[in-house]
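Alright, structures below, take your time with them.
Two complexes, one shared chain (chain A), two partners (chain B, chain C).
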Partner chain A sequence: MTAWILGGALVAAAAVLPLVTASYLVSFTIQLFLFVVLAYSWNVISGYTGYTSFGHTSFFGIGAYGATLMMLHWKLPWLLACAGGGLLAVAVALPLGVVMLRLRGSFFAIGMFGLARVFEAVAFGWADLTRGGTGLYLPPAYDLRPLYYALGVLALGMVLLTWRLDNSRFGLQLLAIREDEDGAEALGIKTTRLKVRAFVLSAVGPGVSGGFYAVYLSFIDPPTAFSPATELTTIAMVLFGGMGTVLGPLVGAAVLSVLYEGLWARFPQVYLGAGGVIIAAVVLLMPRGVMAVAMRRGWLPHGRGTLRRLAARPAAPAEA
Partner chain B sequence: MRTLAELLANGLLLGGIYALMACGLNLIFGVMRVINFAHGEFLAFGALLGVSLVIGHGVPFLVALVLVAAAMGVFGYLLQAALIERVVDGPPIMSLLLTYSVSTILVNAGILIWGGGYRGMPGVFSGSVPVLGMNLSQARLVAFAIALGLTGLVYGFLARSMLGKAIRAVSELPEIATVSGIAAARIRYLTFGLGGMMAGAAGVLMAPMFASDPQMGARFVIKAFTVIIVGGMGSYAGALVGALLIGIVEVTGGYVLGQTFGTAILYVLMIGFLLFRPSGLFGLRVVAR
Partner chain C sequence: MGARPLLLVDGVVKRFGGVMALNGASCAVTEGSVTGLIGPNGSGKSTLFACIAGVERPDEGRITFQGERLDERTPSEICEMGLARTFQVTRLFREMTVLENLVAVAHGRSDAAAVRRAQELLEMVEIRRLEHALAGTLSYGQRKLVEIARALMFAPKLLLLDEPFAGINPRLQNRILGYLKALHEGGVTLFLIDHEMRILLDVCETVLAIDAGEVIASGPPEEIRRNPRVLAAYF
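What follows is the complex of A and B.
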């Protein structure tokens, strides 16, 4: 119950924020929302399904370019164009997922990393469409509030979706794939179909928010669209919070956003390396993230909601 | 016909340097099943250190090569001993994440030290030499010769010396190696050092050919991954053959399809091998699927 009140208060605070305050905080929160979306999306495929992707900026960049081109050539309104960018990312993710998810572990990670580099190279090389390294310009957005609410709704959607996922049969099946894919297959879980579904699901958020990011910057070029720094930050956030947890990505995104903002202001030379230091520290010191530490210390209930409820259910009578 | 011969020759020359880089990467993978994501940054640091020594301090090229290779070797040894050793026995994705984080830390350290711009090594082995009626770049010829020489030297070390045999033993059967009295952890430090040394040397050799920058690692590490996947994970000879092959494919692909899509060809090759022949041309029977 407290969790619901706390969550409601957080959402209400976020909803009134742009009505009462200056543009700096709004701008900061837009970037926070952006990373919440990216972190939760990455969490679906890498946290729950166990397929660590080093190339999810592919979908971010595809969404960014898709939405920008739709706005420039088809004169679509930005919201519709961003949805279109998301659809494009899904359309690319589906065949890619079928191929890439045959790779396991490190090979999937490296394959995805290479893929992002290829998309970046194509964005550079296909100059007729993307104007290569010059980039594409959009009319600047003077009022950031519509963008703020659109990204906020998307971020909230990702949190709720993950909460549903964590409590669903689908989510548990994904966890089974993560823990032992061959075992899951042997138990009758249709692993390929579910993995592809998770992969496509994890491309939606980056695809749509890529468009939002292009609107926010009113500019897109290949290094921005397929930036390894975006990838790194997302991964650091989810690892820090805890992979495959409902609240971990939110905690990670919030803590690291504030940290990055502080570092950016005081020590701009080192802030890019901070993501690397955080990942190294998490891998070495708390590989299951802050959420696992919080559970161990007793600040949070142990285990998953579904499993807790299953365990609390009165046992079935031994003899029928 | 002349162009074809020149393309093949240039591809082969480029491949020789990839071999030096990729053999070290594959050696590391073979011994500890860790894919060193930071291998490209070893190369970048090698190249930039080389430029600093040769251009900044007037050190002769070959002396700089030895100094940088030694420094990167020590660096690799310490990195393994201090950090990566702790996750060697964990899930492979943890060691990959750790080397990934090391890679980004090194990129940013490189930008702090050398700035973000490109640095060349003008005046070292410039010009070209006629070979069999073709004009080949002197820098590429020298780099190729030294790179293949070093790769061969390390091969000889692995094949003949006691230490090399210990490395191969840990690579093939770590438990048996341990009970036979080989200190597996020390062998792992040493292997990482050897890999760092080879990548650092490859970086110095590359510096006269291409302008170097702290972010060049990502471009080359993908090529090195492609090489060891095509050649076969964990196979030293496989990486050598794969590197020469990839060099040729890259140069001819770039000539036929343009630079952008030429690079994409390499990637298609890598994914194709991962999917249909995960053990590569000569690899261990492992792991990709």
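What follows is the complex of A and C.
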């Protein structure tokens, strides 16, 4: 209950923020929303399913280019174009998932990283469409508020979706794949189908928000669209917060966004290295992230409360 | 209860590289029976189970369950047909609770129905009090019980048990034996691998002996125990 009140307050605060404050905070929060979306998306495939991807910027970049091109060539309104970018990312993710998810562990991680580099090279090379390294320009967005709200809704949607996932059998089955894929398969869990579904689901957020990012910058070029730094930051956020948890990505994105912002302002020389240091430190000190530590200490309830509530229903026979 | 074969294994060959794990194994499991499978280490027992459960695909031969081919189906299709299994070394999802382990494998039911079914099964093997315990924190014997309960989530007609009595104390062995007998009385056909002759004699109507990938004998347990080929294979 308290969680819902707290969450409601947070959402309300985020909703009024652009009405009361200067553009710096709005701009910062837009980037925070962006990373919330990316972190939650990555959490679905890498946190829950256990397939660590180092190439989810592929979908971010595809969404960014897709939306930009739809705006430039088809004159689509930005919101529709971003949705189109998301669809494009899904259309790419489906066949890609079928192929890539045959790989496991580090092979999948490296394969995904390689794919992102391939997409980046295509964006560079296909100059007729993308204008290569010059990049594509959009008319600048003077009012960031519509973008703020669109990204905010997407971010909120990702949090709620993850909450649903965490409390569903689909989520349990993804965790089963993470723990013992062969065992899960032998027990009748349709692992291939579920993995592909999770993979495609994890491409939606990056696809849509890639378009939003292009609108935000009014510009997109290959290094921006397929940036390994974006990937690394996203991974660091989820690792820090806790992989395969409902609130981990939110906590990770919030804490690291503030931290990075501070570092960037005061110590720009260490800012870029900070992501790597944080990943290393988290893996060594609390491999399951802040949320797992909080759950173990009893500060937070363990996830998957719906199952627990179902289990506590009096319809079931009582146990002495 | 006629002698209708529920499961029929016919000339199954399985090679792993140059190793012939199954070399034309043939056998039948009668509906409503308790059938044991014995054989020395490396004789192909677990491979046979893996082929039946669809985890491994036979190179030759065919396996039918209720007259339908199994060897071309996926493990999840086979589960849905009413065939479930436990593993030699328990394979629980360690970071899930006991209850979640059961619910995760449920097919088709609503979550509420799956939870209720899981609780009934945990009740049956008398570990309902552990439903919210993380599977990774359980003792080996408790994990064995959870595995049996989990396999029953499919309401199977045939239950494959890979060494259900190995590595646990005699008291728990007897408890499991009791559960298996109750299942058998409830109409579930049991096919189990084990080395515990005491238990096989007690519970099995038929014992199959496998050696070097071939079923070398089948019959009532006392007969199998005296069979010269079985003795030669074991000693």
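Here is the rule we use: the second predicted complex is superposed on the first by the 302 of 320 C-alpha atoms of A that agree within 3 Å, B and C clash if a C-alpha of one lies under 4 Å from a C-alpha of the other, contacts with A are read in each partner's own complex, and residues count from 1 in each chain.
Methods note: contacts are C-beta pairs under 8 Å (C-beta built on N, C-alpha and C of every residue); 3 or more make two chains touch, one makes a residue touch a chain.
Please read all numbers here as calculations on a predicted model, not as lab measurements.
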- Message: Is A:6 touching anything from chain B or chain C once the two structures are fitted on A? First, second, both or neither.
- Response: neither
- The answer to whether chain B or chain C touches more of chain A is B
- Query: Given the touch rule stated above, what does A:232 touch, chain B (first), chain C (second), both, or neither?
  - Reply: first
- In the superposed arrangement, which partner chain does A:173 touch: chain B (first), chain C (second), both, or neither? second
- Message: Just checking: does A:275 make contact with chain B only, chain C only, both, or neither of them? Give me first, second, both or neither.
- Response: first
- Between chain B (first) and chain C (second), which, if any, makes contact with A:153: first, second, both or neither? neither
- Message: Let me test your reading of the model: by the given contact rule, A:190 touches which partner, first (chain B), second (chain C), both or neither?
- Response: second
- Message: Show me the residue ranges of chain C that touch chain A in the complex, using the header's touch definition.
- Response: 53, 55, 74-76, 78-80, 84-85, 87, 91, 93-96, 99-100, 103-107, 111-112, 114-116, 119-120, 123, 128-129, 131-132, 150, 154
- Task: Spell out the residues on chain A that touch chain B in their complex, using ranges where they run on.
- Result: 50, 52, 54, 99-100, 102-107, 109-111, 113-115, 117-118, 121-122, 124-126, 228, 232, 235, 239, 269-270, 272-273, 275-280, 283-284, 287
- Note on the structure: chain A residues touching chain C in their complex are 168-169, 172-173, 175-176, 179-180, 182-190, 304, 306-308, 310-311, 313, 315-317, 319
- Task: Flag every residue of chain B that touches chain A in the complex, lowest number first.
- Result: 35, 83, 86-87, 90-94, 96-98, 100-105, 107-109, 111-112, 218-219, 222, 225-226, 258-261, 263-264, 267, 270-271, 274-275, 278, 287-289
